[in-house]
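Below is the structure I would like to discuss, written out as structure tokens.
Letters A, B, C and D name the chains as they come in the text, with residue numbers starting at 1 for each one.
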Amino acid sequence: MDLNQLSLAVQKGNAAKVKEIVNEALAQKVSPSEILNTGLIDAMSVVGEKFKNNEVYVPEMLMSAKAMNAGMQVLEPILTSTGVKPIGKAVIGTVKGDLHDIGKNLVRMMLKGAGIEMYDLGIDVTAEAFLAKAKEVQADLVCLSALLTTTMPYMESVVKEFEKAGVRDQFTFVIGGAPVSESYAKSIKADYYADDAVVAVDVAKKILAQKK
Amino acid sequence: MAKTFDKLAYNSLNDFVYGSAPNPVKTKHGLVIGGGAIYPELNFTLPPMEVTAANMPEIKQIYSEMIDGVLKRAVELHAPGLVVEFEMLPEMTLVPEWGIEVNNILVNAIAEYHAKYGLKGALRSTPGDVREFKRPPVQRSGEIYQNLLRTIEGSAKGGADFIAIETTGGKEVHDEALVNADLTKVIFALGIMGTRDMKFIWEKIVEISNANGAQAAGDTACGFANTAMVLAHKGFIPNVFAAVVRVASVARTLAAYEAGAVGPNKDCGYEGVYCKAITGSPIAMEGKSAACAHLSAVGNIAAAVADLWSNESVTNVRLLSDIAPVVSIEQLIYDCRLMNLAKEKGYGVTFRDLLADSDSKWDPQAYVLRPDVVLDISKDLIKAKTPFLRTKAGAKLAIDKIRKAVDNNEIIIAEREKPWLDIMDNQVEAIPDDEEKFWHEIKGELELDKFIPSEYELK
Amino acid sequence: MAKTFDKLAYNSLNDFVYGSAPNPVKTKHGLVIGGGAIYPELNFTLPPMEVTAANMPEIKQIYSEMIDGVLKRAVELHAPGLVVEFEMLPEMTLVPEWGIEVNNILVNAIAEYHAKYGLKGALRSTPGDVREFKRPPVQRSGEIYQNLLRTIEGSAKGGADFIAIETTGGKEVHDEALVNADLTKVIFALGIMGTRDMKFIWEKIVEISNANGAQAAGDTACGFANTAMVLAHKGFIPNVFAAVVRVASVARTLAAYEAGAVGPNKDCGYEGVYCKAITGSPIAMEGKSAACAHLSAVGNIAAAVADLWSNESVTNVRLLSDIAPVVSIEQLIYDCRLMNLAKEKGYGVTFRDLLADSDSKWDPQAYVLRPDVVLDISKDLIKAKTPFLRTKAGAKLAIDKIRKAVDNNEIIIAEREKPWLDIMDNQVEAIPDDEEKFWHEIKGELELDKFIPSEYELK
Amino acid sequence: MDLNQLSLAVQKGNAAKVKEIVNEALAQKVSPSEILNTGLIDAMSVVGEKFKNNEVYVPEMLMSAKAMNAGMQVLEPILTSTGVKPIGKAVIGTVKGDLHDIGKNLVRMMLKGAGIEMYDLGIDVTAEAFLAKAKEVQADLVCLSALLTTTMPYMESVVKEFEKAGVRDQFTFVIGGAPVSESYAKSIKADYYADDAVVAVDVAKKILAQKK
């Protein structure tokens, strides 16, 4: 079966069509992980590329993400029952004292579109909450967002909380937000800095690929 | 204090120019804003550090250093006057004492420089709208709300000239609407949620400010239209969409004036140009000399009808010359010098038009700030009778105006922007004029865990 | 390539305006400087870090980040062209490979953006005058001198459009002269030591640049008149003294053009306005949008007859919006947009005069940059026949002009500045016209361990 | 004898007069240290104050410093023979890679005017040279100047050189120069930052007073 049609439906953000083709493919015994990777995740990569080339806007990307999700809903129970795991898990949140969530939400949606299981703790999140959730779900990534110069130092507190608990090395920290930079990430011993949601996807994929 | 605005404050485009407003405002040390000359408005914020009780001594020292540097340089450059804005960090409103202490440091420094050098300084104190700290936000009661009011009261009592704020009521819906470029929800968030919250909170602000010796200045659609601007700048949403959001945000910011605010409107509220056209109150604006805080497509045009010229915000990072706030005040003073001299020599309107023309063709967001466009749209916008209908009308008028300008090659936009004019037009078209009806239509599409309808008089 | 200048390049004050020079210069990607429009010149430098072999990979990466940010923003803002200045840190000239490697990174980035987006970028490479690394400096031979020439050659070969430099010959005497406000020694340092060194080194620079595809651009009295400016700004020496040093420095910078330089003159050389009046070559200038690098009294007036508008220098520190070089290019582009539009609409001279009038009464250093004053003084200055006599004439003409302006209330200076006009006048009066005589008179008062007379053809 | 005349002569920068009065005072058996403190050093403090109040320029201050030096030349042999020591000793220089010396020279001249014995190492000075000279003369202060962002990190190298030699605590570091700041001084563990030459004098006096 040609999964190209599925990919196109995701790219166009046609959720109904996506559901339909996924069901059809399953009926034709295409392997669920092939549907996932070739049909859904690759489609989102294409969309991401188009965004980088100024061919689509975020709303279009989000429609694709929603369409992909529609497909995932069909696929997930089967993936779970056959033991296929998500490509990774991430905890995300805006740090304590900071209310900005639009950028954080975009990152969450884009990472989800890349096939990563997302746990969003919201805004004004304490170090303890990040640690608890990361341990609970055995996250691969911990994604921290801050938009104020006065809250970005709290990112360091989060990293330190993980150090104190002796689990720093089990997680990869990705940080972002307007006042944050590559060199700031280095200085607080976070692992990566991501400029925006699309870069975050690239970074996350790179990290998860290395982990394998 | 409720006011209604049903006609323009201007009869002629030639009067609509920077530095002059039909209803000027006078500060405690005698600076008249909108009285003929444009003055700098300087804003600063903390470098990377946490706002905690333990850090407060250092924080106060940093604000002292910044205000002293700024005032000293203003005197050296013979600036006749300036406004300083103290935009509080969230913690400084959550703990009113902290905000008030810094407020008073700034008040005192300004008074000292007035006494010593005759420098006419004024303070705009801007508490943070911390009501959104709780999710979903409780807008009209509770401890956070009370602390906001206490911070306003304390700042006014402490001697601030102006009270301003960036309110965020409606943002719970608007953020999602923006990233989805969904104009229907934008109009709901701005026109119903935003304007209702504005009416409520600004009546309080006006009452408390007036009772404590300060003037209620104005608001900004920062969390709405500026977020759109930033998203458009990153290529996330179309520039035409952001431009339409700007004009759709006018009625929301205008609600502060209906509640009794007198200006100057807050710097980052670019929709202030519409408020000035309608209310005649002076406004602060920010452009190229605020590039330290954010890049923009309106570097020059933002100054065309401004009464205060702002740097938006800088931390006191050290540059090669001096700390960044001092760099900013120097740039603003030179900008204002030039604009004021042009006016004195009879070139005010010419200079205004150069500022406008130099930017307006490159971005629809700049185009909708053109003084002629502003008067044109405002004239029709105020025909709508309610804040909600004015929000809807603003969007529609902006779409039409931009479409015409694109057709006439007065704006250059990317090919992929063009379909959005139709998309937006269809969305606005489908919105009913009745607020209740609109609410019941849209309810099902909203994430109802994100906000509390009753806080917006919605059932 | 030796040229002589014995009359003004202008017949009318109305032609002496920003963006236009009688002898424009064209870059490799087709940007014409002085051809009608003013363009930004963007400079950047490293944040706090040492320049070592080990750091070179990181250093190259920082320059890449800065140039990419700047060019990207220039495209976004539809800038038609820009010049980037690479002002080398001392180590980058001491080790020519380092300077050349960075030079080439910048050349390539500019070429890429030209190919992709049609952006007309050009590179000004400015090696450091490291000859003063040895004390007393050896100006005309030795390893350091050879490395300076190698750096120039390599940069030109690598594709730089322009070669500039801030030479420092004479600074050995001038530093002391400045802090003692000793105009006699200032004139000796600039008029004899400086001009002789300029003639020597600029003949080399012109020869090497021309042979390797670059244009020899110009110099600056940075180490002389700008040091005076900074000292005056701090209240160390009188502003009138700094203003006179500026005009006294004209003949020194002019010596580059006599040796065959074609412009654009270097940004921080405010005396460039005189060079433009005399040679007709385009010039770079810096003012309010260079406040990141140094505060100044000439924020607007510096632009009045500029052909390139510069930020002088910023490190790539991160501001709230973006890295500082991107902030700078945004500000410069908006400034240039406005000035170019004013010119297109027929307001070039009006705008120039607004720039000049807005600053000139507040500081004699601004006053001596007034276009009318520049033409007036230049006309008389070039009547003097040698670089030395022109230096002396420049000082005398400036003193007279400032005195008259003070008397007519065209400049406001502090009471304590006034006696210095007489002090300086007496000092200039006493200087003989004969260079040898002057040298023998002054010799006894100089610290002869600080410089090598023979490097300046002095015995 | 009224040393006020001496003070005025220093303030006016009249070197000949200063010499004359110092000789006269010595003839009248005024104590050399009183001549030094009341006549010369206090006069320079007055000049410093006038400078801060924008009443005099640096050239006038330098003339006073020269006049004071003229007096010192008469006084010094006597001070030495009677065992009176300078109020302190300082090593000063512009750090490696940096050629700027005008600010450094001003600081040297002003500190000398304050009665401090100065050892100027010039420009482009290595950490080793600072250490060697500071040890040799048993300096109280080590004054470092830098005007470039790329040479200011070398200030830290100098401090570290002293640490390595185990003598860090014997010296007080004062740093200055355009890109330098209070917080930078802290970050490299220098003791003081001085904004300009006049502030440097205040700082130096404070340090030396504390040492007593």
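Rule of thumb we're sticking to: contacts are C-beta pairs under 8 Å (C-beta built on N, C-alpha and C of every residue); 3 or more make two chains touch, one makes a residue touch a chain.
Just so we're on the same page, UniProt names per chain: A, D = Methionine synthase; B, C = Methanol-cobalamin methyltransferase B subunit.
Bear in mind that the values here come from a model prediction, so they are computed numbers and not experimental data.
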Where chain B and chain C are represented by their mean Cα positions, the distance between them in whole Å: 40
Separation of mean Cα positions, chain C and chain A (Methionine synthase) [Å, integer]: 52
Centre distance in Å when chain A (Methionine synthase) and chain B are each reduced to the mean of their C-alpha atoms: 34
Multi-chain contact sites of chain B, meaning residues that touch two or more partners: 315, 320
Residues of chain A (Methionine synthase) whose C-beta touches two or more other chains: 149, 179, 184
Chain-level touch network, classified as line, ring, star, complete or other: other
Full enumeration of touching chain pairs: A-B, A-C, B-C, B-D, C-D
List of chain C residues in touch with chain B within their complex: 73, 77-78, 287-289, 291-295, 297, 299-300, 313-315, 317, 319-322, 324, 326-327, 330-331, 333-335, 337-338, 340-342, 345, 347, 350-351, 354-355, 357-359, 362
Residues of chain B defined as touching chain D (Methionine synthase) within the complex: 318, 320
Sites on chain B touched by chain A (Methionine synthase) in the complex: 45-51, 89-91, 132-133, 135, 175-176, 178-182, 227, 231, 234-238, 315, 414, 416
Partner chain B, residues of chain A (Methionine synthase) touching it in the complex: 51, 54-55, 57-59, 62, 97-99, 101-102, 105-106, 122-124, 148-154, 179, 184, 196
Interface residues, chain D (Methionine synthase) side, partner chain B - complex: 149, 178-179, 181, 184
